[in-house]
Each structure stands twice: as structure tokens, then as C-alpha cells.
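Encoded as C-alpha cells, the structure appears first; notes follow it.
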Amino acid sequence: MSTRSFAIGLGSTPKRVLPGFGLSLGISLTFVSLMLLLPMTGLFGQLAGLSLAEYWTIITNDRVVASYVVTIGAAAVAAIVNAAFGLLLAWVLVRYEFPGKRLLDALMDLPFALPTAVAGITLATLYASNGWMGRLLEPLGLQVAYTWVGIALAMAFTSIPFVVRTVQPVLEDMPHEMDEAALTLGASDITGFRRVILPHLWPALVTGTGLAFVRSLGEFGAIIFIAGNMPYETEITALMIFVRLQEYDYAGASAIASVVLFASLALLLVINIWQGRFIKRLHGGHG
Amino acid sequence: MSIRLHAIGKHFGKTQALEPVDLDIAEGELVGLLGPSGSGKTTLLRIIAGLETADREPGGRILFGERDVTHLHVRDRRIGFVFQHYALFRHMTVFDNVAFGLTVMPRKQRPSSGEIRSRVHRLLEMVKLEHMAQRYPAQLSGGQQQRVSLARALALRPDVLLLDEPFGALDAKVRQELRRWLRHLHDELNFTSLFVTHDQEEALELSDRVVVMSDGRIEQIDTPDVLYRRPANRFVFEFLGDVNHLEGSVRNGVLTCGDARLAVDLADGPEELLLRPHEVELAEKPAAHAHMPVTVTAISPVGAEVRVELAADWLGEPWLATIRHADYERLALARGVRLYALPRHWHRFPAERDHQPSKTVATTS
Amino acid sequence: MQRIGDAPAVRRLLITAAVLLAALFLLLPLVAIFAQAFARGVDVFWANITNTYTLAAIQLTLVIAVLTIPVCLVFGVALAWLVTRFRFPGRRILQTLIDIPFAVSPVVAGLVYLLLYGRTGWLGSWLDGHDIQLMFAWPGILMVTIFVTCPFVARELIPLMQAQGSREEEAAVTLGAPGWTIFRRVTLPNIRWALLYGVILTNARAVGEFGAVSVVSGAIRGQTNTLPLHLEQLYQDYNTVGAFASASLLALIALLTLVAKASLEWRAARREDHA
Amino acid sequence: MRLTSLRRTLLAAALGIGLATPALAAERELLNSSYDIARELFSAINPEFITHWQAENGEEVEIQQSHGGSSAQARAILQGLRADVVTYNQVTDVQVLADAGLVAEDWQQQLPNNASPYYSTTAFLVRKDNPKGIESWDDLVEEGVQIVFPNPKTSGNGRYTYLAAWGFADQEYGGDEERVHDFMRTFLRNVAVFDTGGRGATTSFIERGIGDVLISFESEVNNIRQEYGSDDYEVIVPPVSILAEFPVAVVESNAERNGNQDLAQAYLEYLYSEEAQRMLAGFNYRVHHEAVVEEFAENFPATELLTVEEIGGSWDEVMDTHFGSGGLLDQLQRR
């Protein structure tokens, strides 16, 4: 994902002076309906075949519920780790000059560019107890592969660019007077960072972390190799969907998928609304 | 608290932004740093603030009173700094912005929250924004934001107040108002202030003394009055106001330029004389010492004086003269009217003595 | 210039931490892929790459990517133009809808296509009756690939076009330029880097998509196996070196993507410096 | 984006389609949908069959292979993958197709041995010298034994393992349900990793070094041992285990549509030929052809093989009571 893709634009939109409304509307609507909405009817068709009670039973099956806990827990840990790690990386990339900076910058997009299945087998190879990393970590009592730590790790890997690439441009655009104002008022580095810089980055950081979290909820390919898939302990929700498919239980799969889908969309919506409010406060909008 | 600088210079990479300078500012003084962009004035201000570090060589020093702050971090210098674009914290209310400096003090020195509240309210009262305390910066006008910024800078009762083009981003009317108000505030609280501006009018109006800078050098430090009347060099003279040029050659005490003649007390040779617009009088007839025919090309009777643009064959660039409204009426000026210019004073800055005091000659009409 | 966190010790600490973490977390996996691919020497690697089925998989993968890009391009540009240049009811909803592929797990994305176009789906049964096969053939793979990649170009363009506003286009309208000319001569030069960047991301994802494709591919070796699927099968076949050889090809494409992206950014940064 | 490069891209795309569309050769093509670990097996068998068919009929044919998880494969056919024949490792996956009317209802009667040309059983792979002394199922519930086998929820292989353990316990405890459940609970608790498929389990056991014993098909564990070095691992075939059939069937509607009925039938029948049976035995599958059985006798230790029916009734019942959502497996795994 790009440096700028998650920024919320503030440009105003004019009346229809410009040409191309019909054409662009036509293309967009055709595409959205055929490629996005029409297929989704398949999902809802399956759901329509379920009574509310059946739906409820499927999505509250205790093994499935356990998978929610594992998935959300690991995704939350991954998101929090990424928030810290992503902030550090964005900070270093924006604020400091050092040899290899461009390389580091380019490397940030690797998880998006690398197919998740490749990431999955590679992480599993690295962090298994006889892998390069596993060999170092195991003696320290930290088992990564086949534990929820591994799940969180795979999630963190696939979603780190969300945080870096949302925070980076905001940090770049932050005027240096903000730092200076804080310093002239006697703030220490830590206070200045906490009270001036962090609040400034907050919308971007929350957005990036939120997107990372959403992405982690749906990730399958990268996780499944390293998860261990123990019932109640290291089974993720995406696996529950996969299992239903193996059982030819399309309705069940659709039901669980719909939970993830709605949770993700709701979260995206909340992020958008919240960010809109925040930005309104920073940039005006009286009252 | 006085400010003393000794041999403070600054390089950015290979370019010298500031030649080593000395500067003394007395306690309670309000001093303007004036110069065109790139003259080093902002760099100097930021070095005093501690936002930039002066070059190690030649080992300059900065003293606030008796306190050597040369190697002190900006946060420990106890200065107030006002930024050109206000630099308010956008995510904080006006109140929180002003209170920031107090709330980040180490716990031991930090005033109680009640005291912070009353101090901030006193400051907001002073900048006439007490009713805006709970607003966010984005909801204020530029002038209001700059007042908040000032209140924020004063909250810590700094020894020294530094302002970087404080009114540069505001429109003319607000600028005028804030200027007067700053002068008041300064006289009332009596802190030592140093501000940067590129607007000579602002510098002359506001300052006790003005430091004129160009190309990383201090050209002159003086009161506005002296500065205007006795500019140290041609740069200062030209920078402080409109200038009319007269180029010609002198022979036997008379400077000739085309069909214009002016009696001067100078040796033979080429000369360039400079005149302020108010130093040019207009008359219907030439005088004994000056025969300088001109044509009026534009008149602008706005303000306390009338500005008249003059052109002539012997002039490379048109001249500007400012005359009183009474004279304007008496002479019945209109575009196309032919008159004679009569210089009352002129100034001369010989090139080889660029940095020497100027020679200013009054000619009696 | 004094800034927060400028103290040399802090700077050194943070840079070291960032570089170390990035090396362990991001670079090491990349190294591991190539290390595994060449674990049994260059010859074995080469034999795996030039295997008929691998070559077929590479070809299919590239074809899918090449077909996906223009579709995403047209859609992305049309949508971005629509939502940034006009106000109309439903604009926000439309903008949210294109996030669906981000919110849907790829396996589910494949599933919904299968449920619709598969033999038992309502469209699929009709198609089956007319002997048209979309699923388990390259059109199906193309369709799900478009589904998962379609937001990239649009998401790249929308913030940019929003920030730029439409003054320039309006100026062109006042000068009497026809619509297509406005787009080609005014809009396109302003957005071309973002556009290209969107294409790069689209390509990266199109080449690497596994979850959605695996559901609709049918995995017929030499026919409907894309490179990621082929990789997974080799892995299933105890051919670790072969799997990682394919993985290294995908990683190589990823690296090319990163290089292309980085060089675009540097170019953009240079242009800004000159401006 | 330069327009010239765009044009070039489009041109390449057009060329690409031309290349990607399978060449419509005159010869007939047969598509075999199979389970994912059978790739090498059919890579060996297919050329032999092609030669055989050419010799018999003078026609040149081509065999295409599709491999994947057995259930996913059957699902693909349900949704329109036009495979002519299926060669699976699970009866249920063929039955699904029969239920949908794609495969003859009496498919198990259409070919010998329940339409299962070869079979296998569930066996153990242990590390060198068998340090935990694992010989049979009851050794697996010992304290500290770590087991690796694929998830019965996602893998047919895993289901056989689960059922074999159940069958053993059922026999051992004479049908005492309480004790069988206890046994199974301990057995499942000793599982170190539940990979989604057989290959994942192998990787965990071999490459990641997890667990003391890998449970998989006898054919698999033997292949693994050959692949990864016979010195480091030992194959243990327990005295009691399960009969794992590898069912095959013609997908009639597809074969008809493709005009491949004769070819499909001949292909499956060929699997019963001595030639094919020998190849199968070479891949460590147990076969029925007597001469071949005799030839390979020492590779396949005698063991009591329980059928699925003996353990838990029909596959349908087994799937319901054991593996369905909320079934016995779920209950036994509940914390």
C-alpha cells in the first residue's frame, strides 16, 4: 500500500462543471455491481437459507467462539506491537538520515508485495524450533511456531506496512515549529513527544493500527502454517471457515464469514467516522 | 535580563548564513532584527533561542544577564518564542496551549493546577481572549491565534521574548493593531524582546533599537531615528525607505546629468547621489543651485502626504517625491505638468568606503 | 535545527532498534526464501524453475496479471474521477463499497464467486447449460483476481485527486477543451505517478494471490495452476527446494515491485525538490 | 503511464490469452481429479496407461491431473470442474458426488473391491531407535508422548487416524464407552500440532522436529522415510489398525459431456492390472493382485485391519456422530 493511500483528502468537490459524469458513473456502477455486489449475493443467499436460530447456533459454537478469542486476541497484540514498531520505523524514516535509509524504506512494503503463502511457509521455517530464529528463541523459553505468538507474528508481518505508511506522511508534513514550540516551552523529549507529536499523529496511528487489525482478522495464508491449529488454543476464525468448506457446509462457512465481514466493515466505518471528526476539529469547522 | 552575543556565527554546510557577530541588548529593550530574506536575521534569532547551534569556531558566547547560555539546551534557556505561523498545538484548546509550558514543568516546580488555571486566565485576559479559552486554534482568526501564541510564550515568565516575524502572516490592519498592542505589553511587563521582521516600517515603529542585517552581517545598530537620518552605509539607506538616484559627473562643483545640473561640494569625477522622496521639493522655477526639469507622471494623494512620480530624459528610473497636501494644492499638480525638482538633502556612499558612515549634505535652497 | 529526539544517543538508539527489528522481521524471511531455494545448489534450483509445470504456472500467472491491470486501471480511474469530481447521493457508500475486497477474507472471496458462477450457482447453472465454463478455468481465476485487486488503483488516486481539487480541469473547461482531452492533457499528467504506483500494487497482488484463486482454480497442473498454487503443491509433494524455488520467483517479483516503487518515489521527491 | 507502454501491455495481454487457452489438439484429454499426495503416483502411472491405450486402440490420449485436498477436489467437481474420473483417499468424497448425481449411485459395485483398486492403513513414523518405545496405539496415550497428525476436521488422513485409535480402544475396552472416551481424550490431548493437511503434519514432524510420532497412511510414512533418510526414522505398523480404502469412480455426467466414457472406464480398470498394481505397491500402497501381493509381502507386515463400518457404522453416520459440528470429536476436544 502506498504512502498516501489512507490519507483523508479534504478537497472540495465542485458542481458538475466537468464532463464525464455519466461515463465514470456508468463504469463504476457496472463494475461495483458485477464484480463486488453480485458475488456477495451468493454469500447472502446462503445466509438466507438459515433461520436466525441456526445462524446463532453456528456463530456461537464454542469452538468458533474460542477462535474469535484467539483471532481477536492475536490480532490485537499484533496491532499493538505494530503500532509501536510502525511508529518507530516511521519516525526513524522521517526524522533521521542514515546510510541504508532508502533500503529500509523500500523494505517496508515487502509484506504487501510478498504473497501471503510465501510469507507463511517462510515464517514457519524461520521460527520453528530448528529454524534460524527458533533456535535462538527456544532456549529463552519463547516458543513462537505453533503457539498464538506465532499467529500474532504472522499477523504483524502481513500488516506492518499499514501503520508505517499511514503515519509516515503525517509525520513528514508536521511542521518543525511544533517541535520547537514544545522545546521553547521547556518540554523534555519524552513530554514533547507524548503531548505534542503523538496527539498530532494519533488519527493516522489509530487508522493504520485499525487497518492492520482488520487485515489480521481475515488473514489465512500466512498464519495457517505457523498456527499449530490446536482446538480452542490456536485455531483462527479463518480456519473455522475453511473447515466448514471442507465439510461442504457452505451455509456454515458463509455464516462465520459474515461475522468477520461485518466486524471488519463496522470497524472500517468506525475508523472513518472517528477520523473525520478528529480532522474536522484540527482543521476548522466552527462550533 | 540583558542579552550579550559575542562572535556568534553560523554555517549551513558550506554556506555562511551568519558571519560572527557581536550584539548587546539592554534589559527591557525592544529590539528589531531587520533585513531582507537570507540576511541571517532569523538564524540569529534562532541561535539566541537555542533552536540552532552556533558554529564552534570562533568560540562565540551567548549571555543572558550573567548567565552563559551558549551550551544550554533550548528548553533550559527560559525564553519565550513566538513563531511566524503561530505554531499552536492544534489538538489542544486555547487554554491548554497557554498552559502547556506550565504543565510540562518538572513536578517539583510545577504550580498547582489552581494556580495554573488562574495564571492562564490572567494571560488570556491580557491578550483579550478569555472568552475563547475552550476553543481550538482552528476556530480562531490569524490575529487571535498569534495572541494565543504570545500568551503561551509569556506563560513561563521568560527572561527574554523572541519573536520570529510575528505579524508577517497577518493582513495590514490586524498587523498594525497587534504592533501597537505588543508595544504596550512590552512597556507594561518590561521584558527584553527581540523580534525579526523584513518590514522596515514595522521595525522603525516598534523598536527601541534596530539591528539592520544583510548577507549574514550586521550593517548597523541604532535607534530608528539615527538609523533613518544617519544610515551607516548605502545598504541601510536603501533598505530603510524609498530612494531616488542621481548619477552624473562633477566638474568645478557642479554635477551634470543630461540637462540637469546641481551644485555640489565635491571633487571632480563621476558621482552617484541618493535622495529620500521627502528630500525632494517641487517648484515652478529652477533654483540657483539646481536646475532639474521633471514631468509629473503619477500622483497618489492618499495618506498624510502626496506621493508624486517624476520622470525626465536625464533620469534612468523615475523619482518619487512626497509633498504636503498644502504644496500639492498650491502647485496645482496634475499629470503632465512640468516642474523643477529641488533637492534639500542628498546622501553619498562612495563605493570603496561601503561600510563607512555616510556623508550627508544639506543644501540650502 | 533542534527537534524532539535529536540527541545523538536517542538517534543512535532508535535507528539501531529500527534497523535491527526490520532486519529480523522483514529482511530475514526474504533471505530465508532464497537460502532455501538454493539449498541444493543452482542446478536443482534451475531444474525446478524450468520444469514444464512451473513454466506453465509462470505463464498463467503473468497472463492473469497482465489482464487484471487494464481492468483495474479503467475502473480505478473512473471511480476516482467520479467520487472526487462530482457530488451525488450515494458517493460515500460507493467509496465504502470498494473497501469490501479489503474486508473480505480471500478464501471467502473465492467462495462467493464459486457460489454464484459454480455449477450449482444461479448464474453458473445457466452458464453450464450453455456450455460456458468460467470457474476452474482461467476466466474464473481472472475474475477473483480482479475482485481482490480492484481497490488498489482507486485507493491510490482518490486521496491525490481530492487533494489536487479540480481547478485545473475547470480551467481547461473554460478554455473549451473536450472531456477526453481534459483527462489526457490535464488530469493524467498530475496523477500518472500515483496511477503507476497503483498498477504496481495491483500487479504485486495479482501475481501473489493464493486464497481466492485456490478456491476457483481447480488446480489442473499445467492448465489452471498459478505460481502460488504450484508452489503450495510442490510443498505438499515434499519438494521443499522446488516450492522455495517458486517462492523465490514470487519474492523476486516482490523485490522488483519494491524497487519500481522506490524509484518512483525518489523520482517524485526529486521533482518536488526542483519545483 | 506512457500510452505506448499501455498499448504494448494490451498487445502482450492479447498474445497471452492466445497462449493460455489450451491448444485444441485433436487428441482426447482425460482429467483425473485426485488427492494431493498422489501426484508422483499418477505421474508414474499415466504414461504407462497412455502406452497401454495406444497399443490397444491405436489412439493417442492425454491425461491431465488435478490435485488438492480430497474434499476441496470433490467440491470443485460439484461446482463444475469437468473431471472425468476421481481417484480419492476418502469414500465420503466420492459419495458426495454420487449424492449429487454426478457419479453412479452404485459406484462401489461397478469395480472390484468396493471400487478401491488399492488400500492402505494407518501407521506410525517414529524417530531413530524409537526412543519412546511406541509399538501400538496404547503407547500413544502415555504421559509425555507428543503426537503429530493432521486435523480430522480438515483432512481425511486425520479422520482415519482418529477412527483407527477409536477402533483400537473400542476393541481394547470391549466397547466400554466411558473408557474409550477417556482414551480418546488423552490421545487428542497428546497431539502437539494439528496441521490442516498431511503434508503440513509431515513438515512439522520432520522439518520442524516436533513430536515423537507422526501418524499417517502406511504408504505415506514409508515414502517419507525413503525421502528423508531411512536411518533417521522407523516405520511402525501397529497390530490393529484401520482399512483405508482409496476409492475411484467415473464422473459420468462429465465423461459423457467430454465423450470420454470408454476412456474413463478403461483408465480405472487399468489400475487393477498387474502392471499398475506393481507400481502401486512400489509406492507402498497395499494391493489386491495376488502375484503382486506375494512379491511385496515383506514390505507389508500382517496386521488386523478394522473397517470403518466395524468401528462406527457407515461413513455418513461416522461423519455425523464423530466429525460434524458438535460431534464426538468436538466434545472430546472440549476443554
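Labels A, B, C and D are assigned to the chains in the order they are written; within every chain, residues are numbered from 1.
By our rule, contacts are C-beta pairs under 8 Å (C-beta built on N, C-alpha and C of every residue); 3 or more make two chains touch, one makes a residue touch a chain.
In this text, all values refer to a predicted model and were calculated from it rather than measured experimentally.
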Labels of chains that are neighbours to chain A and to chain D: C
Contact distance in steps, from chain B to chain D: 2
Closest chain to the centre of mass proxy, which here is the mean CA position: A
Per Cα centroids, the chain farthest from chain A: B
Intercentroid distance (Cα basis), chain B paired with chain A, Å: 54
Gap in Å, rounded to a whole number, between the CA centres of chain D and chain C: 35
Chain B and chain C: spacing of chain centres that average the CA atoms, whole Å: 57
Separation of chain A from chain C, taking each centre as the mean of its C-alpha atoms, in whole Å: 16
Residues of chain C engaged with two or more neighbouring chains: 1-2, 114, 121, 235
Junction residues of chain D, two or more chains touched: 78, 203, 207
Per-residue multi-chain contacts in chain B, two or more chains: 50-51, 73-74
Those chain pairs that satisfy the touch definition: A-B, A-C, A-D, B-C, C-D
Chain A to chain D touching residues, read off their complex: 58, 61-63, 124-125, 128-131, 145-146, 224-225, 228-232, 239, 242-243, 245-249, 252
Chain A-facing residues of chain C, complex: 1-5, 7, 10-11, 14-15, 17-19, 21-22, 24-30, 32-33, 36, 74-75, 78-79, 81-82, 84-88, 94, 96-109, 111-116, 121-122, 143, 146-147, 150, 152, 155-156, 158-166, 169-170, 173, 178-179, 182-183, 194, 197-198, 201, 204-205, 207-211, 228, 231-232, 235, 243-244, 247, 250-251, 253-255, 257-259, 261-262, 265-266
Residue numbers on chain D that touch chain C, as the complex places them: 1, 6, 9-10, 12-13, 16-17, 19-22, 31, 36-37, 39-40, 64-68, 76, 78-82, 197, 199, 202-203, 207, 223-224, 227
Touching residues on chain A, where the partner in the complex is chain B: 175, 177-178, 180-188, 191-192, 195-196, 199-200, 202, 281-286
Chain D to chain A touching residues, read off their complex: 69, 71-72, 75, 78, 96, 151, 153-154, 191-196, 200, 203-204, 207-210, 323-326, 330, 333-335
